[in-house]
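Naming follows writing order (A, B, C and D), and every chain is counted from residue 1.
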Amino acid sequence: MHPVQLFHWHFMAYPYLPPDFDERYDTGWVTVPNSLWDRERTDGLYQEYIDQSVEAAELGFDGLVLNEHHQNIYGLMPSPNIVAAALTQRTERAKLVVLGNLLPLHLNPLRVAEEYAMIDSISGGRLIAGFAVGGGPEAYNYNIPSPQARQRFWESIDLIMRTWTEDGPFEHEGPSYPLRYVNIWPKPRQVPHPQVWIPGALSAETMDNVAKRGFDYFLSSRTHGAATRQARERFAEILERNGDAYNPFRMGVLLSVYVGETDAQAKEEAEEGVWYFLKYCLKGHLRRTGRTLTFGPGVPSQSVRSWRAYLENSTAGAPMLGDAEDWEDLESKASIVVGGPATVREKLWDLIEQAEVGNLLIQFHFGNMKDALARKSARLFAEEVAPALRERSADLFARKYPSLADRPAASAAE
Amino acid sequence: MHPVQLFHWHFMAYPYLPPDFDERYDTGWVTVPNSLWDRERTDGLYQEYIDQSVEAAELGFDGLVLNEHHQNIYGLMPSPNIVAAALTQRTERAKLVVLGNLLPLHLNPLRVAEEYAMIDSISGGRLIAGFAVGGGPEAYNYNIPSPQARQRFWESIDLIMRTWTEDGPFEHEGPSYPLRYVNIWPKPRQVPHPQVWIPGALSAETMDNVAKRGFDYFLSSRTHGAATRQARERFAEILERNGDAYNPFRMGVLLSVYVGETDAQAKEEAEEGVWYFLKYCLKGHLRRTGRTLTFGPGVPSQSVRSWRAYLENSTAGAPMLGDAEDWEDLESKASIVVGGPATVREKLWDLIEQAEVGNLLIQFHFGNMKDALARKSARLFAEEVAPALRERSADLFARKYPSLADRPAASAAE
Amino acid sequence: MSGRAVALPRGRTVAVAEAGEGPVIVYLHGIADIHGASFGWLPFHEALVERFALIAPAHPGCAESSEDEAIETVDDLVFHYLELFDALGLGTLKLAGSCIGGWIAAEIAVRHPERVERLALIGPTGLFVPGAPIADVFWETHPADGVSFAGLRALLFGDGESGIAREMFPDLRGDIDREVLRYKLFRFASRIGFSPPYLHDRRLAGRLGRFRAPALAIQGADDRLVPRRHGEVYAEGFGDARLEVVEGAGHSAFAERPGAVAALVADFLAAP
Amino acid sequence: MSGRAVALPRGRTVAVAEAGEGPVIVYLHGIADIHGASFGWLPFHEALVERFALIAPAHPGCAESSEDEAIETVDDLVFHYLELFDALGLGTLKLAGSCIGGWIAAEIAVRHPERVERLALIGPTGLFVPGAPIADVFWETHPADGVSFAGLRALLFGDGESGIAREMFPDLRGDIDREVLRYKLFRFASRIGFSPPYLHDRRLAGRLGRFRAPALAIQGADDRLVPRRHGEVYAEGFGDARLEVVEGAGHSAFAERPGAVAALVADFLAAP
């Protein structure tokens, strides 16, 4: 039995922005003044978010997802490892997915190899290790020159894998991170090493690098079923070219979900948080209005060829997720799934069936969503959506990917 | 009432070295091969150490201390912040003392400002923030040129203090860490910022830098009462020269203690762990036999003047703590206090009385000491040693430092 | 104008635009410039061509010059240009540069003063001046609302809504080839100039005194990218230099007042 | 031998040892060397003094030269030496260097070939050669058991227990002034040579071809600090160079076989 793996993703947004934020501030990233941070009101905020994640683990989610951002209101985890470490003490079975550590932001990759090894060891081997190169905001926050970032990224990953699988001390000659004595203590718990996930936004170069190393691919762009299917087909083809074979657990996707008792109640309860997320958190990121630092020519990490392809296949000023004008507009984009259990079940099943992707990474908390609502939504999902998805997907995957039968069920997502 | 503050320090040593370690391996640092790391036996090891710390908090210790080391068997915390984060979920009142983050090992000091702010916020304002420059082993592990390390260290600290106390975004012009947009999210919980402790080994330059900034000084060399008193007098004088005044909570010292039911039982129970600690963990550190990387001309971070003073005031090849030949020899060094409650009480009281230092940071776990013994020792200390020390020190400090009466008792160590 | 590809070691090629006759000037381009935002000469260059043999290489990765992953600092770039000068058979030369090209020209001059007869810099970046940072041009290349380059124009020109400014950096998505041309320039600039922020070499100011041949710095009176103080520090730091401030122009003075700036540069470089 | 302090900008001074008459040689020292482990000339230098005017500056922070916090890379050091050459009134010169001094001499030569007439390197560090790293001399400066420098001697000499080796690096704590002298050298060396590990500039090998005047590399047959391949890469990389391997010597060939090495260097540098 290899059912779809369901992960609970918490971004940990800053929820106390003033109601006139959108008029007064250009962006939620990099330069959004931290005088807006309220030390009194935030007392207990992280704990609220951590407790939501812990409850998700108790509800049977397969794992908890965290990620890294700096100097922004979208995600308050400059070190997701800090939160993962906190979760080791509150959970027992859930995977801890850090997606991912931003490698070019470190003096050298030893630090990440060491921290991930600690978390894996403390958690008894529950870490899924994500690595990411970082986007535009991170380049500004840490003044990282982007043209060099990708080369440094893959050098970092290859060195980290050596630290986890080869005995030290050994020398790493560089070029970017030359080190004479590489010899980490501790090693990670998992043998040979924690599962590695790499996020990407459809670039064939990234998929190829992932396939070469036997890693798993996480599609970070929020897409609907058909686009996810296309991505899967492309990745499957690249895997085959590398002598490997696709199965649903080689890939993951990001979803945003709110489940209410009914479609109407779901919309009513989700709206405030969703709009806060779209208009504030995405300002400067996935929103046309306000500077968009996510991509852009200013600190280009993409090759000239990729940038030309982007220009040729996109429209200047095209609306993004955060530009949705009303609820209908938002629904038509199909990026955020809000509804009663039946609606959510069918939409997610449609995605799974079309895309044959086995890891769903789901955002349940939006912007300033109230604790009780975020918890209720996750609970309804766990009780009324997840069982059907698991059952149907296990059948589907077994039928379409008979080789899965040879894999141990305990670690379907390996 | 301002009694002495009692902290429980855990180094988290690697406890599974082979019995012929001393014959077969030159050092416990940098090049000690990590093929010695046993992934099966270490399953649960961090949790055992974390649980010991948690129990100490429950026993009423004022705080838990952690520190940073890399690629060694002495302390398995390349990121003490990971362990501090875990402890936020298991403790409610104890201070979390990270002593300290090694600043020159980061690409820039924002990372430390951010992580400490997260831990302070998650813990509800319980962080004591330590900063350290790192010793010889760290220079080799990360290939940090030492002559530049001290300048970078103080630039880092001053930038971190700005991130915590000034609103962003602002520019930091450098020289070593120029950044255009400094604007951390989150900010720390404590206002204006977490208390800062700086470790030092008697250098007047460090004391002066600490005094200038209003920080507290932590004496990291293991000394007996008279030497600690001298250090306090020197620091007090430097504080006064900076227009400030000494009180016992401006300084801390490191102690190693084992308490048993009787002196004889204490010795019997402590011996195995103590010798493991001295002969294995200190090999390459505070031991003449085996390379000593702690200081040395190879990667000199000390000024030429300081080095000359060191040469003039030391003897080549003089025995260090780890060179103790037998138990008597060890006792004569007075660096590790082992005994029944009465003995330990008197020895520690003697230190407090002589040195008038208000923060005792105490190592209870040695090398491969068994869990039950480390816990029992801490419990005996909490129940039979601590009350007397608190009572007598509160009287002593009140008498000698009447200005303490104006300070809130809740945060005596502020 | 003619263009050619000059071969350098390690399989690299440099796209070089050439025109005119007379004494040789090597001109290193900036952003609102040939190889940066323009495929060809601007009126400023055409004015120089009347009196000089003008040679304008495209920086590595710009225009048709090959990208070079080995270039990480401006020091690497100095070696690149020494190799190019050798390949072009130039022993000594008159050197001019604008914006980031001015920075590079200054680095060449302080390292190899024996090769540079005269040095003309227009709105040069490159210096660290405490309290007077070079503005963040990288940030401004993100179009507002996905379409408007008004912020970029305002940094690069005295009047960001002038004809020349809007022609070089039009709103909406312009011709893709030109967008790519510009992307290449910023990719190159961020390679050597993103860290430390921005476009400077902390050591350069202390080295200016090594260049003792005549130098001229020119700055638009309304330069919002490079503070005026930078032009002054250049002029004070070189052994024999002066600063000319051009009214009615911003950072891209040579594009905004081509006649006046070309006359200043030409008169200065023409001297023996 | 006479010594003097030469003043440089920013209040720095350089301790310079001088002796002899004839053509000028500037000699840049290494570890087991004058200003490194010895206060004065060694027999190797005395042999050169018979035919040349020998000038041996102490690196910044070594011997009585002032320390310079602004020096972080070997590139900074090249500027330092240009300033010294200017202060000494040296236009072009014959340049020699040993160990870390050989590295610095090579960096000067590839950047400023016009100033270096002939170049002689003895056991030079400085190169990155994949798979053939320079050994970790820093680690070996930690005395074993707090007293023995056998490891250091074994790296620096063909026979680490030879008289010269034990004289320069005696066990136990020697004369404190000499310990401090050595500390200063290692402090200086770690400033520019600790990262990347160790004592090299990744870019240097690719730049050797820029120096086309005659060059000589000398290496002890038993050099355990710098692999033989480094000497070969130097000899192959320069435009006109050869490698001489000296039998019966290790890294400090000039100290171990002073007569033979001085003859090689003198004959080579004496040529016009």
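Throughout what follows, a residue touches a chain if its C-beta (ideal position, glycine included) is under 8 Å from a C-beta of that chain, and two chains touch if they have at least 3 such contacts.
Just so it is clear, the structure is predicted and the values come from calculations on it, not from any experiment.
Novice: Note the shortest touch-path length, in steps, from subunit B to subunit C.
Specialist: The least step count works out to 1.
Novice: Based on CA centres, what chain would you say lies at the far end from subunit D?
Specialist: Farthest from subunit D by mean C-alpha position: A.
Novice: Between subunit A and subunit C, what's the gap in Å when you average each chain's C-alpha atoms?
Specialist: 41
Novice: Distance from the CA centroid of subunit A to that of subunit D, rounded to the nearest Å?
Specialist: That pair's centroid distance is 53 Å.
Novice: Where in subunit D do residues touch at least two different other chains?
Specialist: Only 195-197 qualify.
Novice: Counting only residues that touch at least 2 other chains, which ones in subunit B make the list?
Specialist: 140, 143, 178-180
Novice: How are the chains arranged in terms of who touches whom: line, ring, star, complete or other?
Specialist: complete
Novice: Using the touch definition up top, name the residues of subunit C that touch subunit A in the complex.
Specialist: Interface residues on subunit C, with respect to subunit A: 61, 67, 69, 72, 137-147, 172-173, 176, 179-180, 182-184, 186-187, 190-192, 194-197.
Novice: Considering only the defined contacts, which subunit D positions touch subunit A in the complex?
Specialist: These residues of subunit D touch subunit A: 128, 130-131, 133, 136, 195-198, 202.
Novice: In their shared complex, at which residues does subunit B touch subunit D?
Specialist: 136, 139-140, 143-148, 151, 288-293, 296-300, 304, 307-308, 311-312, 315-318
Novice: Once bound in the complex, which stretches of subunit D touch subunit C?
Specialist: Touching subunit C: residues 9-10, 70, 75-76, 79, 82, 111-112, 114, 203, 206-207, 209-210 of subunit D.
Novice: Within their complex, state which residues of subunit B touch subunit A.
Specialist: Residues of subunit B touching subunit A: 14, 30-35, 37, 39, 42-47, 50, 70-73, 76-79, 81-83, 85-90, 105-108, 110-111, 114-115, 118-119, 121-122, 124-125, 140-143, 167-169, 178-181, 183-189, 191.
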